[in-house]
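The data blocks that follow each hold one structure.
Look at the two complexes coming up: chain A is in both, with chain B in one and chain C in the other.
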Partner chain A sequence: MAEIVLENLGHSYLSDPKDEADFALKPVNLTWQDGKTYALLGPSGCGKTTMLNIISGIVAPSHGRLLFDRQDVTQTPTVERNIAQVFQFPVIYSTKTVRQNLAFPLECRGVAPVRIKARVAEVATLLDLDYALDMPARRLSADQKQLISLGRGLVREDVSAILLDEPLTVIDPQMKFMLRRKLREINRETGMTMILVTHDQSEAMSFADEIVVMKDGLLQQSGTPGELFSRPQNDFVGYFIGSPPMNMITLETRDGVLGTDALDLTKNLTVGTAGSRHQLGIRPEHVSLVAANAENIGLGKIKKIEHLGVDGVVTLQLATGVLIKAKTRKHVEMSVGQTLGVNVLTDDALLYIEGSLALAQ
Partner chain B sequence: MLSSKHFFLLPAFLTLVAIILFPLLFTIRVSFSSWDVFQSGLDYIGGKNYGRVFADERFWKSLGRLSLLSLISVSLQYTLGFALALAVWKQVRGGRFLRVLFLIPMMTTPVVMSVIWRTVFHESLGPANDILGMFGVGAVPWLSSATGAFISVLIVEVWQWTPFMFLLLLAGLVSLPREPYLAAAIDGAGTWRTFWQVTFPLMAPITIGALIIRLIEASKIMDTVYVLTSGGPGTATETSSYYIYIRGLRDFQIGYSAALSLVYLVIMIVSLTVIAKLLLRLLVGKVG
Partner chain C sequence: MLQIDQLTTADPKVSLQDISFQFDAGNIYTILGRTGAGKTELLRALMGLNSLVKGDIQLDGQSIAKRPVKDRSMSLVYQQFINYPHLSVLDNVAFPLRRQGKKKSEAQLLAAKMLTTIGLGDFLQRRPAQLSGGQQQRVALARAMVKKSRILMLDEPLANLDYKLREQLREEFPRLVAGNDDSVILYTTTEPREAMELGNTMIVMTDGRIVASGPPADLFAHPPTKDAASVISDPPISFIAGFVRSGALYFGEDQLAPNNGLHLPPDGPVTIALRPDAIELGGAFNATIGLSEFSGSETIVHLDFDFGRAIMLVEGIETFEAGTHISVSIQAEHIMLFALDGQNITTRTK
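And now, the complex of A and B:
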């Protein structure tokens, strides 16, 4: 088992990077603790796969160091790292049976046949693949094939971390759920560190103890799913985590006090540097709707109602013309054109200055 | 039933009739006639021509020779083509130049190349024996001995068609996904294991396609034999198509050569289908 430390680690595919924009992964400091599950989350091309490939040794970083248990492995070849990786598309050795597939990494490392047999049996039980051991691997379904890919990592006794590069993309939604649960189970049983790369926030939220959000090769925020949801460090995280994204309402400075005509805020908001962009971030989940004549901090006219099964997303136009979204279950008696009262708890309204969360909160 | 839209099929249908259907049906009809130099015309002699085909030892021997030649030459072409493709696949210095160079044999006319090779193999004047002589090897009867002539035809075939295999297999290699190789590297597989467990199975569909295309082409071998050895010495390099050519266009036994052609066609269709199925089962593991 190992603790993985990224020390000022960055990578540019150019031989002579001139400025920040030339980096696929901008230098970052991160520590992945032993035995935890992590998710690397971000839009396509944000550098998450580059980071994963650096950890597995497929890509050698142009800057910084990579440490496994305080040992520098930056230049160590893939084979010698205690890392297994599962790719987006299931990789199986198509001419081999499931058993032979699982045994392959051990055979390559010259492990004794008796030991191989025992390990394969153990891993097959863990993955519920016992019944399929003697079947040709190519006959299995996509999710079972993905389990074999995972199994080839688990079977090795030297593996301390499993890197999962969007492994659930090609899996059916129902199987996706099962496989994700299976991964968590394996993490609990084996204590292996797991790092999942994904662009699906719900996948990241339900899988990981800690999520690392990235954009344009730059780390945006790292924290538990709860932290990312309730305290997004910047407007990108607020936008990327949560569905629908966080409401961002522009504030104006009047007599040294921040405010907006759209909502009557009781909150005392400190003004940052004069002339900077001040915004109020409110999660749609934190916007509650009441009748127009009940106590409220602003009135809004319903523009659109989207039904998402149990919940609904209501888009309201506030007094100033600003739109705000509310995620609510009380959409039964609502209709487009109706005016409702809006309420937001003081603690749920976050101040962003130039896109970054104001520290005073 | 027949509406105006079907008339749009007419040009294609007429072309098909003209170039495939009519010649085929006409050949079938001719094969039941005794059309030759003495008797030109479509009489009807029943299955006599077919009876003669089954008793014609020279035809069956030429078919056996053809099978041997095709199997050996196509296997060699595949092995060499794959080796060359693997060599050029990974970025090699001057790879682009080599790629063009490898394709030259395929682009030249078989007859022209056969003439050049005949000169190369010439026993007293050709450079082949000259070069061997430098290493102390005596004159090899390239074209005048049965084995020598067979090997000569084989060499020319391999020389000419390896580039085709090379091209198909290289195209296949270039389009292979990257992940299986990364996975194999992480699993700790060396070069040899990676080739047999990753590259070879991934290349199976292309392998089957390439082998079948080449087998079909190789079974029609005619020009090389015609120019290089004329089927000789004796009948040592006579292949089926060359034998049919002799019977049909040299002896003018039109009816008999039509029967030979049809028997040959049926054998080819059946055997190539069987070979394709076997290859599928062997390489991809598909049943049926």
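And now, the complex of A and C:
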């Protein structure tokens, strides 16, 4: 188990990168503490897999250093890094039993049979797979197979970190839930650092203590799920974290004051550079809907109601034609065409200047 | 209009068991089920790709069960983005029209129109490999739609796309398929939210059978069986073994459960279902926190009660330390009762 430090770490697949655009991973500084859970989150092609491959040693970075417990492992081959990896699709030995699958990594390392037996039993208990030890691995369901893939990493006592590369892709939604719970329990009980790569923001939010959001090879923001949700540093994070994405409402400057006819927000908005783009970012979860005659900061007409189960998403058209989405549990009582009052707390409306969160709030 | 009667197959993985249903033109039917529920098998049986042991398929009152695949007026979009790699985007979409015997110029004109509708008007001359995953899947969708088939089937079309792209295509979907008033659209998915968002009618399948169908909001509120409730619920609904005795409801054998507004069945065992919004912070029930996770602006808390495990949904992002104890209340209006055979026996008094 180890603390992992990325020191000015970057990678270009070109031999002679000219500018930033030539980097699949633009140089980044990050510290991952021992025993915590992390998620690398971003769309396809954002550089998250390059970062993962650098950590596991499959790719040697063109720039910077990688440290495990302050030891430079930048050039250390994969086998010597003691990284366990779980992939998108379960990798199991289908002709072997569950017991044999779990024992295999230890047999390869020449561990004493009596020790192997004890370790396999421990890990099987941790995974709730005791009952299945003598079953052929191919008979198990997809989520159980993924647990075995993970278990083959866990049996080793020298593992620095567990890398999970979109491991829940082939798992049904309901089972994802149970598997995520299991992963967290394993993290808590073993204290192993876990790094999850995913494009799924809800998966990242529910799994990780800290999330690294990436786009176009560039780190966008790194923080706890709560920080990313309540204070997205830029419009991309506001869009990528949360579903539906953050509402972005364009502001106009009139007589030196920022505002919009769509919503009467009387907060003191600092004007940034004249001529730059100013927007208010408001989470759909922070838009509350009230009767049209109740106190409100703007009126909206319901264009669409989406029933998503416990909650729903209501799209409203504000006075200026601007659309705003609200997430609510009261959607069942509403109907399309109805006019409602909109309220947003001052602290929940964030000012973005040219797509970046304005600091002076 | 498409009607299926007692459709039964003998497929190697999942067989369809006596499925009857009537699909109306102009409607979008989402077919929700877990992997292995028989969703793909149903589409393949309709297409004629899997053979029937029993049953009939009728299109506008005429049996098509013995017709070859190409004469059934059906199109299927797969989970994988299947396009012709050597053809331009335009020719990919024009291809089925050419096969129908249309002239090249006419086929290309119709294809260009369809691609423009679907937001790919600027990419006509590109090859599929030069497009993003979401764009490639739109090409496949355009090729399926351009034929104006009576039945348009989409088999987990968004499953291979990134989360955000899925969100965007879900949002666009009604517009993408608008104007298909003569067609029946069938859309399979494993995601309850997707099924609820996109379907006018939602069909729930388990084990090769249709176990529930209806408008999504109604099905969510009144799932006919425990299985259906479980498939529809995301985050999961929790089931607790319970008991009815002398006009009172109990979790387990002896922990009194709220029952205001509920008609209780006769004395005996029942399954009590708790939706994630049935449990609220503060109240008379004690639980240990197993785990808490964030989902957007909500916190999903896994609770261990002495009568079983359940999931609570808390609005806002709050940290709950695993292993600590909290007290909660349980809202009777969000409780459902199921008989031991799985039938929903919830009736309310108001």
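As a convention for this text, the second predicted complex is superposed on the first by the 359 of 361 C-alpha atoms of A that agree within 3 Å, B and C clash if a C-alpha of one lies under 4 Å from a C-alpha of the other, contacts with A are read in each partner's own complex, and residues count from 1 in each chain.
In this text, a contact is a pair of C-beta atoms (placed from the backbone, for glycine too) under 8 Å apart; a residue touches a chain by one contact, two chains touch by 3 or more.
What you see is a predicted model, and the numbers here were worked out from it, not measured in a lab.
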Clash or fit (per the criteria above) of chain B with chain C on chain A: fit
Which of chain B and chain C A:Val336 touches, first, second, both or neither: neither
Which of chain B and chain C A:Leu345 touches, first, second, both or neither: neither
Partner chain(s) touched by A:Ala84 [first = chain B, second = chain C, both, neither]: first
Degrees between the directions from chain A toward chain B and toward chain C, using C-alpha centres, nearest 10: 70
Partner chain in contact with A:Ser243 - chain B first, chain C second, else both or neither: second
First, second, both or neither for A:Arg184, with chain B first and chain C second: second
First, second, both or neither for A:Ser206, with chain B first and chain C second: second
Partner with the higher number of touched chain A residues, chain C or chain B: C
Contacts of A:Ala21 with chain B and chain C, given as first, second, both or neither: neither
Touched partner set for A:Ser56, first chain B, second chain C, both or neither: first
Chain B and chain C, minimum CA distance [Å, superposed model]: 9
Contacts on chain A seen with chain B and repeated with chain C across the two complexes: none
Sites on chain A touched by chain B in the complex: 56, 58, 78-79, 83-85, 87-89, 91, 93-96, 104-105, 108-109, 136, 138, 149, 152-153
Residue ranges of chain B in contact with chain A within the complex: 177, 179-180, 182-183, 185-190, 193, 197-198, 201-202, 285
Chain A partner contacts - residues on chain C that touch it in the complex: 34-35, 132-133, 162-165, 167, 171, 190-193, 196-197, 216-217, 220-221, 230-236, 275-277, 290-291, 293-298, 300, 302, 313, 315, 317, 319, 322
In the complex, chain A residues that touch chain C: 43-44, 142, 172-174, 177, 180-181, 184-185, 188, 199-203, 205-207, 225-226, 229-230, 239-245, 283, 285-286, 306-310, 327, 329, 332
